[in-house]
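Residue numbering begins at 1 within each chain, and the chains themselves are lettered A, B, C, D and E in the order written.
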Amino acid sequence: MTDTRDSSQSDDTDGREHQTKTTDSRAERFRTSSALRPDGGRETTSESDRGAIFEGSQDVELDRGPFQQWAANSIENPERVYRGMFYVAAIFFLFTTLFPFYWLLMVALTPEGQLQDIIFTPNGFNPGAFIEVFQTIPFHWYVFNSFVIATASTILVLIVGSLAGYAFGRLEFPGKTPLLLLVLVISFFPPAAFFIPLNDLFNTSFFMLEPITGDGTLYNTPGAMVLPLSAIFMPLAIFILTTFYAQIPDGLEDAARVEGTTRLGALFRVIIPLSAPGVATAGVLTFIAVYNEFFFSFLMTDGQPENWAPILEGILAYQGQYEVMYHLMAAASIIGVIPVAILVVVAQEKIVSGLTAGALKE
Amino acid sequence: MARVRLENITKRYGEETAVDGISLEVEDGEFVTFVGPSGCGKSTTMETVAGLTQPSEGDVYIGDDKVTKLAPKDRGVAMVFQNIALFPHMDVYENISFGLRLRKYDDEEVRRRVEQAADIVQLEGMLDRMPAEMSGGQQQRVGIARAIVRNPDVFLMDEPLANLDAKLRVHMRTELQRLHRELNATIIYVTHDQAEAMTMSNRIAVLNDGKLQQIAPPLVCYNEPTNLFVAGFIGSPSMNFAEGQLDENGVQTPNFHIELDPATVPNASVGDAVTLGVRPEDVHLSAYADSLSQPTASIDARSDVLEPMGDEVFVYLLLAEDAERTMDEDPASSSGQLLMSVTPDTDIEAEQDVNVVLDRSKIHLFDTETGDALTHDITDQSEREPGTAATEADS
Amino acid sequence: MARVRLENITKRYGEETAVDGISLEVEDGEFVTFVGPSGCGKSTTMETVAGLTQPSEGDVYIGDDKVTKLAPKDRGVAMVFQNIALFPHMDVYENISFGLRLRKYDDEEVRRRVEQAADIVQLEGMLDRMPAEMSGGQQQRVGIARAIVRNPDVFLMDEPLANLDAKLRVHMRTELQRLHRELNATIIYVTHDQAEAMTMSNRIAVLNDGKLQQIAPPLVCYNEPTNLFVAGFIGSPSMNFAEGQLDENGVQTPNFHIELDPATVPNASVGDAVTLGVRPEDVHLSAYADSLSQPTASIDARSDVLEPMGDEVFVYLLLAEDAERTMDEDPASSSGQLLMSVTPDTDIEAEQDVNVVLDRSKIHLFDTETGDALTHDITDQSEREPGTAATEADS
Amino acid sequence: LGGAREPGTVVMTAATDVEGIMYSDGDEPSVQQALWDAGLDEDIRVEIQTVVSDSDQRMQGAQSALQAGRAPPDIHMMDSGWTIPFILREQTTNLDEHLSDDVIERVENEYLQAIVETARHPETDELHALPMFPDLGFMLYRQDLIEDAGHDTGDWADEPPSWEEFSTAVSDAMTEGDVDYGFTTQADAYEGLSCCSFNEVMTSWGGAYFGGADNLFVAGDRPITVDDDHVVDAIRMMRTFIDEDDPNAIEEYDEICPSAIVQWSEQESLGPFQGGNAVAHRNWTFAMAETGSEEAFGEDLGVTTMPYAVSADDAEFDGVGGTTSALGGWNLVLSPYTDRREEAVQVLEAFTDEGVMLTILELAGFLPPITELVTEADEDEIGPMARYTEQIERASETAIPRPVTDVWPEQSALIYQEVNAAFRGAKAPDEAMGDLAERLEGSEREVAAQNGD
Amino acid sequence: MATDTDAITGGERPTDRDRSGNAVINWMESLSEAAYAYLLLLPAFALLTLIAFYPLISTFITSLREDRTRGAEPLGGFVGIDNYVDILTGNARLARQFLDVTVSGSFPFLELGTPFLQQALFVTIAFAVISVLFETIIGFGQAYVLDQEFRGRRWVRVAIILPWAVPIVIQGMIFFLMFQPEVGFGSDLMQWLGVFGANPLADSQDAFIIILVADIWKSSAFMALLILAGLQSVDRSLYDVARVAGASPWQRFKMITLPLVMPALLVAMLFRTMDAMRVYGLIESTAGCTTVPSLTCLVVEAMFGGTRIYATAAAVAFATALVIGLIISLYVVFFRDTEGGLY
């Protein structure tokens, strides 16, 4: 995603370094030797003090010093208090978000049938649940299916949504607001409202699909989930992208167009990279939503892992008629969350990368 | 062929008319500078040439083609933006090479060109910086490099040197001129710097309020401004103006009288309200009157404030007793005052009575009502071309 | 009290040292202008004063207080930003009144002040525009208004007039001076415009490469630059330099010889490499030699190119036969050339042999090696103060 | 995928439990093998399409497949609780036309009648589904604890006690035996309450939803009897079990149920009993295996059918009163959209073979639809269940199916909602049943109106 | 135009002005702004039409017909808006009613047929309003935390976002188990605090609160993520300006951050509101639809409850959409004047 550079850039580095050394003496005339301090000196590399909303300028010292010192300092320096509040808030959020996971882990570790009075420790210890998960059903297969479906839907949504988001966010045309509201209207409806016609549609055999799906229906194919899920999560993506694309200054798009991109090229080379936080957010939200979607996931395949049944079917498979294997469900969902966690780790650099600074004199 | 022709370009933003029926032609290889007050429509006009703004009316031609509807990328123009508009997610190298990479030049070529362009704008060694890590002037130089590296037919430069220091500016000026010569490119340039406009351009286009006032070679604009606006705008400090009336013997202003034969003033007759204009450097101490071929009669004044600029000194003269130098007005434009520019070694002090003369060959007369120039020279020449005043003005 | 004192301020960005041990003091009510090449650390220094950047070393004092760690809002400073940085979601009125609204001024007062500020920057009638709907210059004026409306102790202005046309710039100049006088505010100002620096400032601080070169009143910087850098930087066009050697009779440069008694040059002895500097306006045609009290001997040259600027003409002189005017070099700095500035009515043409003389009282000598000034006047005065060269320089 | 399936395979939906016994490695017994042994063509292979176990979700799956006219699956496994709505919607195949006569006969004569009723078209009586296995509700109790408290449970296995006797015994055992709970059952607001756990209690009180066992399967024109005293009393008893201080409590009964039963279904209510923390527990057949093994309570586990308050003879309506057992279980339905009807019919016929039934019983513990067969099963294979064959026998005799009609799901929701409210004490029993009767009447009217024209 | 002198020229060069690229691109470039916009919208609307608009129209037609619980044909004849009337008057064939109030003569002039929290409309609106309110506040707090520079930020960020990644079934399971008196500690704890009764999952009010908490736990991350992206897009130099102008952190938040994040925040709130108004899975997997009936609960139960009342289901779906639409129009009206509002 980052790679808007030409592929040629990678082997350029050495060339550029070389150039640095052989800088024309004329330009160096008034630029004396101090550009690089040979003695080094103490270095404060971070520029965080400028970016943070809470002043972070004191955080270097914050880690040290006893409490009294802190209190005394905080009176004369309110920014320190904000920093303190920040840590309290961070820990609070961490605890509240993570505790249920911890508890879920405890449930997973509790042997079957002993699910009683779990607070901070499991009722017994049965790490085998994490293996049993795979023995009972091919859970990894479901995870894989979901991953593929979610990835495909996310890509589809981001591409199609980007085009629409660009149109809504940056172009003026008659009917803009009504069309935008029309997109929004989809989100007014419970998914069930789409179900019956779609169920018929996806079970109808289309001649042209036969070479691809065998019987010509979309049922039991990833398409049966990718299409409706894309459509259902598209409005959110369009709105997010519209919002972020609208905020990119016109000047940058202008510059790209004069430099020789098409309007579409400017979208992909400038606007999308600059909206990285928004695009990544839309992507992550779509991915997770599709990955965890309940309704269509359940009804658009016959539940067989080889027929693209998603993770939800996998988790429900641990639910018996009268018995529920809570420990397996818990273990399975901990496992199922991992790909998403990885995704978040990967995407977060994009989500948090304020880039527009320094773009324009406005 | 990269002739640029604007035909009756008008751009409206809602109620607001940013550009109002501008027609002009920039020859192939010509260097035309747009000047005009802030908000007069210079950038907007440029944008219509680049294709970034669709004119509300009128057409743009580049070469022989009507390009009004053509995409910017297909117009063969490069632009330096007033707001710089670097791509914040790309480093300097990527910013500069952006256009080349789009055109799929091979890597070697790209590198060679980028390095050369960086050299011209003195950015060597900064190619891997991000825009946010650069000073204002450095960013602006990246913007210039990005334009010149592409070597297009037409350059559009909107205040490319605004954030540069005087020395670098002179350097860039010569660089741009060399580029202009060597590439034989057509350049449209916006600047607020008189020196840039005067030295670089083949012609200057003076805009005001979205309308073209005059388009002519720099010295013509300087010496024969087509109207009051151009006269006041070109030249820094500004021309002195004194409102007066044409009478039998000459021009009577509230504080002094200039002799002249009203018959020699075209398009004006006795009794008309005229505005007399004279540039600060054409005001001289009476002591130096001999050096002028035709000085006016001496005018009594009092020096008010001296502003030493190093290579010259501006002297603010008060003509009337009661006149006071008011700081909140452009000093040269209020009629009780006169701005004189002298060399630093001139023997003059603040708050001292002085006599000054004006250089008759440099006196401009304007129709006070319409603002149009009447004459730019009131020496008693027998034959003078009557038409020079309005040379090449299209407005 | 709004004295601003910087004590050994250093700011490093990683490897890069943006500001390198700057110490200076700006008196209460003083107007100090920072000048220097692009990227020399002007903005960074300003930011440390404002509190936006924490210096890597050194301290900032405002009044009597050490404010190095104080939040910007508690420093009583207002700032005009080089990148303008208007709030895109607020209209002009809201942008300007931002600081006042923060301080809970009552609405009447806010309106009054905003209108006044808008008036000063000539933005009346645009108060309800959004920044995106304004031209570059208009935006910049909003930025200025936003700072002046707050009426703080210390103003920091980073190129506030960069996008304004000459006329408006003159207007703003006088406005800012008036403001300075009336509010008795301390102003630190960055500009690339020599005229601004010369006319507005009490003192000019010349920075280069993060280091303070000279801080002195404008004319001192102009007439008695403390070193080669300041000499070359202040003044536009730049001072002419010729490298040479001090001999028994004077200074020998490759193309001419200037007579002088080497003993009168402090800190230098015969055989030392010296650089001779002379400003374009101190180069005269031999014909005018009489007007100088102490002209040098005449120097043979050939006029190469004429650059008419309206109120003056720059003449590029070639001294050596083989010298050629190269456009990619700052013309004034290469030793085979000499730039002369003459009045437009001087009788001179391109490509013609001329004889020129220099004004001995305006000749500067620098130590070529260290760049330090040796003397700024080589007239044969019996007593000269030896210390003037380095007046008030702290570097 | 989809279209390219092997000839001769018949796809049948089932949960993992059935899938697990369908095939086996090597010579181990498997259902498939049993089917072949029962005469199924060797070329026909049953392929299981695993579906989730949860009955509601399974119904959704079947509904969307049949609504879309999709096959495979060729055979749908349907809960006896919701087979009839599918029959009424013509989404099943009339097996009378396809099964051989002797098979039909066997079903008619030998199968547990209660479950066959859930497989017939209520109006035409044609067989539209083949019961695969029934399930029955049982009362499980800790013989040791009750005995320790001084109550004799000797004959409970043969003749269940009255509710009063039961409550006293459990109450005493709870106090004596140092367990937290007395009687755990299912009273969450869900299908299991209306179909089964409450249905049992109500029936044992001589009450009925629609005036007796004759009116179970045809909606539209039948009496609503939920506000009948017997029903209300049944609720009051349950309410007393939960909170004996309630104004609607009945004197003679003790507080033996944790109040949490109002949010419990099978899994949650089994937990405490299994953990040794409760005296008695109502659950399905599988619970015997769960709690009757040697590792669990072994011989200490007592099993009986529901206690009762009103004997069958005293009951006002037909087929209610006395001990009873709710009927669950699954039927096999031939999809009308299948293109392998012949093969599928063969498979269905094979399922009527006793050997197959026994295999299923032995491998998974599912009761055979011919319940007498339980006694014939290998005791080693069926584990603890072998001890309780008598009770199973009796339960099958007294099995009470839910009144499944096309609108049963709708009515069931109304019922469990009101019953649960009354159990919780949020509504007085008579008030709740009054409201319920009103709602049920509305529902019946709708059906009558809709099907009348 | 052949330029030869400068190295920059570098030999041959196609004149830029010659249209390069293929015909399609050139055609796209030459479109007017409006035509170009429509072109870009085409893929999205094609997909949406097939997958969303067409089914919705079909569903709408269904909602105008009569239910048929027997027979092959699932729908009877057209009955106009009868189904809608039934829904609004509490006469639908649903376990819980959409709306069940009657106008009465005395204060408060409306009489609840069933308790407030057992009417889908009220449950849904109350749920949406309260959960979105809390999620916005908490999401903002989380986004602020994530926007800071500190060691381990990457992991804190993952932790905060993680609840959003939990499948709804599991989310439901966690809270279901937590409030199962036998299993979890939630019931005992809350009972001890005097907040809940003995069986929170069976009690409409307690269960409503549990569902709220569960939803807030999971969905705050959604808000946080969007707000964070908004925060990250704010040009940092504006904060410099504000700091010099004298803005305290709170003022910077109020006057710069908030308005600039507003567009993103609005989108987040808008979609969270719509999502919350369609809550179903969470309820189904914790307390159950009868205890806490939401609008979507009614739709799903009508459609998949086993009784084939598709027309009623469709009507409830459309009525739900109508309610959501009304609430969203409140947003639109309320935020129309805000900068960056709903375009």
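Here is the rule we go by: contacts are C-beta pairs under 8 Å (C-beta built on N, C-alpha and C of every residue); 3 or more make two chains touch, one makes a residue touch a chain.
Keep in mind that this is a model prediction, so the values were computed, not measured.
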Problem - Intersection of the contact lists for subunit B and subunit E - result: A, C
Completion exercise
Heading the list of chain pairs by contact pairs is A-E
Exercise for the section: State which chain is most central when centres are taken as means of Cα atoms. Expected result: A
Handout entry: Distance from the mean Cα position of subunit C to that of subunit B, given in whole angstrom
Key = 22
Fill in the blank from the handout: Distance between the CA centroids of subunit A and subunit E (whole Å) is 17
Fill in the blank from the handout: Taking each chain's centre as the mean of its CA atoms, subunit C sits from subunit D at a distance in Å of 96
Handout entry: Between subunit D and subunit E, centroid-to-centroid distance (C-alpha), Å
Key = 40
Exercise for the section: Would you mind listing the residues of subunit D that make contact with two or more other chains? Expected result: 60, 67, 271-272
Handout entry: Residues of subunit B whose C-beta touches two or more other chains
Key = 71, 73, 77, 82-83, 103, 150
Problem - Touching two or more other chains - residues of subunit E - result: 16, 29, 33, 182-183, 235, 237, 240, 304, 340
Completion exercise
In the complex, subunit C touches subunit E at residues 47, 50-52, 71-73, 77-79, 81, 83, 85, 87-90, 98-99, 101-103, 146, 150, 156
Handout entry: In the complex, subunit A residues that touch subunit D
Key = 113-116, 136-137, 195-196, 199-200, 202-203, 210, 213-217, 219-221, 298-299, 302-304, 306-307, 313, 316-317, 319-324
Exercise for the section: Sort out for me which residues of subunit C touch subunit B in the complex. Expected result: 13, 35-39, 42-44, 82-83, 133-138, 140-141, 158-159, 162-171, 174-175, 177-178, 192-195, 198-199, 218-219, 222-223, 232-238, 279-281, 307-312, 314, 327-332, 341, 343
Exercise for the section: Note which residues of subunit D are touching subunit E in the complex, please. Expected result: 56, 59-60, 63, 67, 82, 85, 88-91, 188-190, 258-260, 262-263, 268, 271-272, 406-410, 413-414, 416-417, 420, 424, 426, 442-443, 446-447, 450-451
Exercise for the section: Using the touch definition up top, name the residues of subunit E that touch subunit A in the complex. Expected result: 16, 21, 25, 28-29, 33-34, 36-38, 40-41, 43-45, 47-48, 50-56, 58-59, 62, 138, 141-142, 144-150, 154, 156-170, 173-175, 177-178, 182-185, 217, 221-222, 225-226, 228-237, 239-240, 249, 252-253, 257, 263-264, 266-267, 270-271, 274-275, 278, 280-281, 295-296, 299-300, 303-304, 310, 313-314, 317-318, 320-322, 324-325, 328, 340, 342-343
